[in-house]
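One chain, chain A, links the two complexes that follow: it is found with chain B in the first and with chain C in the second.
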Partner chain A sequence: MTGVPRRWRLRLYALECWYELVKQLRMPMFVVFALGFPVMFYIFFGVLFGRGSAPGGGSLGTYYIATYGAFSVISSALFGFGGSVATERGQGWMLLKRASPMPPEAYFIAKLAVSLLFALTIVVLLTICGMAFVGVRVSLPIWSRLAATLVAGAVPFCALGLAIGYWAGPNSAVGVVNLINLPMAIVSGLWMPIEMLPAFARGVAPLLPPYHYSQLALATLGAGRSGSPLGHALVLVGFSGLCLTLAYAGYLRDEGKTYG
Partner chain B sequence: MTEPVAELRGATRRYDRVVALDRVDLALAAGQVTALLGPNGAGKTTAVRLVLGLTRPSEGSARLFGRDPRDLAVRQRVGIMLQVSKVPETLKVSEHLRLFSSYYPSPLPAAEVVALTGLTGVEDRQFGKLSGGQKQRLLFALALCGNPDLLVLDEPTIGLDVESRRAFWQEVRNLVTRGRSLLLTTHYIEEADALADRIVVLQGGRIIADGTPAEIKTGGAGRQIRCVTRLTDDELAAMPGVRVVRHDKNRTLLVVTAAERVVQELLTRDPSLSNLDVADATLEDAFLALTAAAPAAPASAMPSSEARTTCPERGSR
Partner chain C sequence: MDSTVKSRLKSRATPVVIAVLSVGIMAIGMALDHASATRAQVRPRAIATPQAPITAIVNARVFDGERLIPSATVVFEGDHILAVGPDVTPPPGAAIIDGAGQTLMPGFIDAHTHASGDALERAVVFGVTTELDMFTDPDFARLRRAEQVSSRVTTRSDLRSAGVLATAPGGHGTEFGIPIPTLASVGDAQSFIDARIAEGSDYIKIVEDDGSGYGLTWPTLSHEELAAVVRAAHWRQKLAVVHIGSQRDAMAAIDAGADALVHLFSDSAPTPDFVARAVTQRLFVVPTLTVLESETGHPSGASLVHDARIAPFLINAEVSALRSTFPFAGTGLKLAHARAAVAALKAAGVPILAGTDAPNPGTTHGASVHRELELLVGAGLTPIDALTAATSTPAKVFGLLDRGRIAPGLRADLILVNGNPVEDITATRAITHVWRNGAVVVRYTFVAR
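After this line comes the complex of A and B, so read on.
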């Protein structure tokens, strides 16, 4: 690993990231799901309810940027990261990459970088829509904190995507993501404020990572529910660790397999 | 003596209870084309995986250029083509090449790779829109783009038609004259014969023969007798010196160790025998004889579908 010229390595990482981005942008379905749907949902709910006041103060329009933002970032991380890992693993592409002189971390760094870029794009798009259609006004320092939280929150869900990618087959990974994504989002209060959900959901939500993610995002707006941001952050860190461990176990399992 | 390009020493690989590779010793000399030949499940792919550091040996060791195959500096000297069904479909040929070239310190110019692998004219096409043969060419181009000292090709022509296969062989031959070493696995005997300086026959995870194509031909079998006879396969297989009995369109083919003795016995036992013809065994005959001698040779692994092997009860040593 040492002795490799630094500039050569930087160029390699840059190309890996760039082509990961190009690759995903050329898949129309992914772009529609990752960027189109969140904007549509946000506009729909935002225009209907956005001028009302949110639980804990502030407008619902701003509140929804945090929660729909969280939902979209999770979806794009699970589909973009998890889905592509599962597919590329199934097709043998990952094996070829592993046998190549590519530094192994480059593959994952590229996918993570693209997921973070998508997360930032989502936050920016939702904010623009909020300002244009829902009358959202938010100060730059607060917005920056919200955006940073939403973008950083992509990491635990990339880790979850990675674990799913390693354990679900290439054909079932997307199904698994669909199965857990939406129910988890709704119960965690990403579709409507958790205060409006039945008592059952409010009881279950603290067990789900998206709840802690959205509460962290809401806290930057001063709209969070109970619980300290540090507590939410620790839950997400622990969750990331668990997922990465699972993914590593899946990687080791792959190594012991026969393939074709 | 120069250091071997790649080396397996006492390499065993078990998957659960299956032994895919059983104490294999193999050293590849620089500048040579080595073919690992064997039916499906013989352990060829496992051997390649060990050499490339994709799988650790359960026992023994694997070395590339004298070092751990997982070392990136070693991998920069190796180009690989695995049995990959697809690479990301939305990237173009030129983009795939540019990315893969970036993994190597002194890659070949992209234009040269494109020309060498016959991809001229489709550089701007996305992988998903290429034909089957073009996809295979791109995978070959990815193996080549880093200007490697060693090329490792795992079943490179699987799924190609005869014409594309021959064109591919020509390309490989052109490349090897530039002093590269090549390790390829194949279950096409013709392919091993056309390309290899050295053939290593694997069966059931073990090396059952190792030599030049000529050595394999004579060592494995000897001669081939063709004739029209009314003797049954079982009678023929029971004759001393007969190793394989099979049929082509009209005639019976015998792979034998001592042709004269067998011919004599054939004529004694079947006076009506006709169309007799004795020739050197082909590599395919040798391969059949070798794998028939080892237990459970799957005849289905042979490319010519009409070939039928009968395990000789005697004469198989």
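After this line comes the complex of A and C, so read on.
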């Protein structure tokens, strides 16, 4: 560990978070993919169908806040972690960080903090769109539970992003993220309700983590399919553990390459 | 082994163990979710829409339990109806449901069932929000009664029950393998009835049937015993309703002073005397054409199994039940006799109630009410009369003042269907929404997942 005094360490964490945030915001592709697309889709589908009633109860407008919220949080977690870790590995950024007095965890904690902040921003944005364009009305306690679930659910997908970031090359990471993210989102019912999907997708969805994430979010609205919230949560916990282990293995491989 | 090799092995093994554990946790989670989702498929859920405590249905045809309003707005809050009418404006903040092209009706009341197991959950799926049970385990009725008092959001239709029926030792009602108290003599009548009331019976169901209509021989109550039981029920201010198997049994019930027949007969054409006595006695009648049809050898529910508006919501056991008939079919019973009796009673102004006798062969809870409505219209009731027979009439004669109509203050048990049942009675099957105590009931379909 470095010999930096505690109050300097805190400042290092804060600075790392701040620069991570500024860096993400200055990448137009990231903002467009992670924020722009889901909001655009939400407004499009919300205005078209939002006043209809959702499977499991409630209006589709509110339902879509949960599902497009989940989609957007996953995208931002995968791009924020996966894309940036891979790129920065390629740039030799890790070596530079190692030479600095910053604690190594700060790098990851900053990325996680920014992902959670983005997740919250997404939920707020979608809710504002819903209220403005789709006539959505949600009570504050229910909205708070939805937002908390969506934000907390960013963690497993940050872990997935980290694993991708360590195993994919700097140039292929964005491609790999897209390849995983879009099909998984569609099949899990994040673009349109799972009940509208073909039987094949309905059969596969329960094997995919985004399905469990979105169902957990929908449950806070009293919507979605019936199922076990505990089951959904366990799937996400196990998935986080698996991804972190994979990321760790990738990290070891990376270290071996650099120093071994 | 060299210690560095050991520690290197250990450091390689730990991530593998964690990965395997993680996959295990995921598998457990998926299994839990799968188990609960599969269970939920057999149980409808009622869900209170959390973001809008007030719901307004606009532009729908409204059958209010007595008449049809061509286009009206119905507003309900929580478990009760706030307002009904063509000029009602939905309050701000209400969840609006556009019912254009649809018809809103009170939840149906099935006036003759035997409820047990998941009967009440299944009934709700098909828009039956109240079941008037005519013989079941009093413990089952007691459990449901406690729940009805305590909970507002429920997955079950409301239950009123006769509890144990009054029959002779060895008579109809004792053949189901469950030991029940029976009535041995006239002197037993009051104590028998008082015991039923103590168990919680909401009304008294009596059996007058010697089985001759089906080629069977059952002991049955003597006319004196029948009259004594009816008197005992009336003494405690309870309705006395009678199961009959033939026109002769029906006359005996009328002679005994019964309030209602909970079947019609199919052994003979109705005599003018029967109709006249029914009128003067102010009798009400639950024809149960559905079960009478199955008794004649035609499984009454067979057509429901092929109806695309019903079939997706049936569970496997219901499909086979709807296709089954009684073992004694083909004993000269004719549904035409019962149809003629319905028409004659209707013409004479006798109140007719829709009842199915589910879950007897050819019938199931919920779905069969739609067949009964079709058969009642086939027997000569207008669709409005048939709908009234499943809503306001049973509510009125059984004293259920909080339901059966769509009016301010009444219970928000409602059904929204596509089309117009007043033109085509089978439109009652095209249900898009069921509200039970104001909460939407999720109707699971049973197509392959």
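Basically, the second predicted complex is superposed on the first by the 252 of 260 C-alpha atoms of A that agree within 3 Å, B and C clash if a C-alpha of one lies under 4 Å from a C-alpha of the other, contacts with A are read in each partner's own complex, and residues count from 1 in each chain.
Operating definition for what follows: contacts are C-beta pairs under 8 Å (C-beta built on N, C-alpha and C of every residue); 3 or more make two chains touch, one makes a residue touch a chain.
Keep in mind the model is a prediction, meaning the values are calculated, not measured.
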Which of chain B and chain C A:206 touches, first, second, both or neither: second
Chain B versus chain C as contact partner of A:10, first or second or both or neither: neither
First, second, both or neither for A:102, with chain B first and chain C second: first
Which partner, chain B or chain C, touches more chain A residues: C
Which of chain B and chain C A:47 touches, first, second, both or neither: neither
First, second, both or neither for A:32, with chain B first and chain C second: neither
Which superposed partner A:233 touches (first chain B, second chain C, both, neither): second
Chain B versus chain C as contact partner of A:196, first or second or both or neither: neither
On chain A, positions contacted by chain B and by chain C: none
Interface residues, chain A side, partner chain C - complex: 51, 53, 56-59, 62, 136-139, 142, 199, 202-203, 206-207, 212, 215, 221-223, 225-228, 230-242, 244-246, 248-249
Chain B residues within the chain A interface of the complex: 15, 18, 20, 45-46, 52-56, 72-73, 75-76, 78, 80, 82-88, 90-91, 95, 98-100, 102-105, 126, 142, 146
Interface residues, chain C side, partner chain A - complex: 15, 18-19, 21-37, 40-41, 45, 47-52, 93, 95-97, 433, 440, 442, 448-449
In the complex, chain A residues that touch chain B: 1, 3-5, 8, 11-12, 15-16, 19, 22-24, 26-27, 88, 91-93, 95-96, 98-103, 255-260
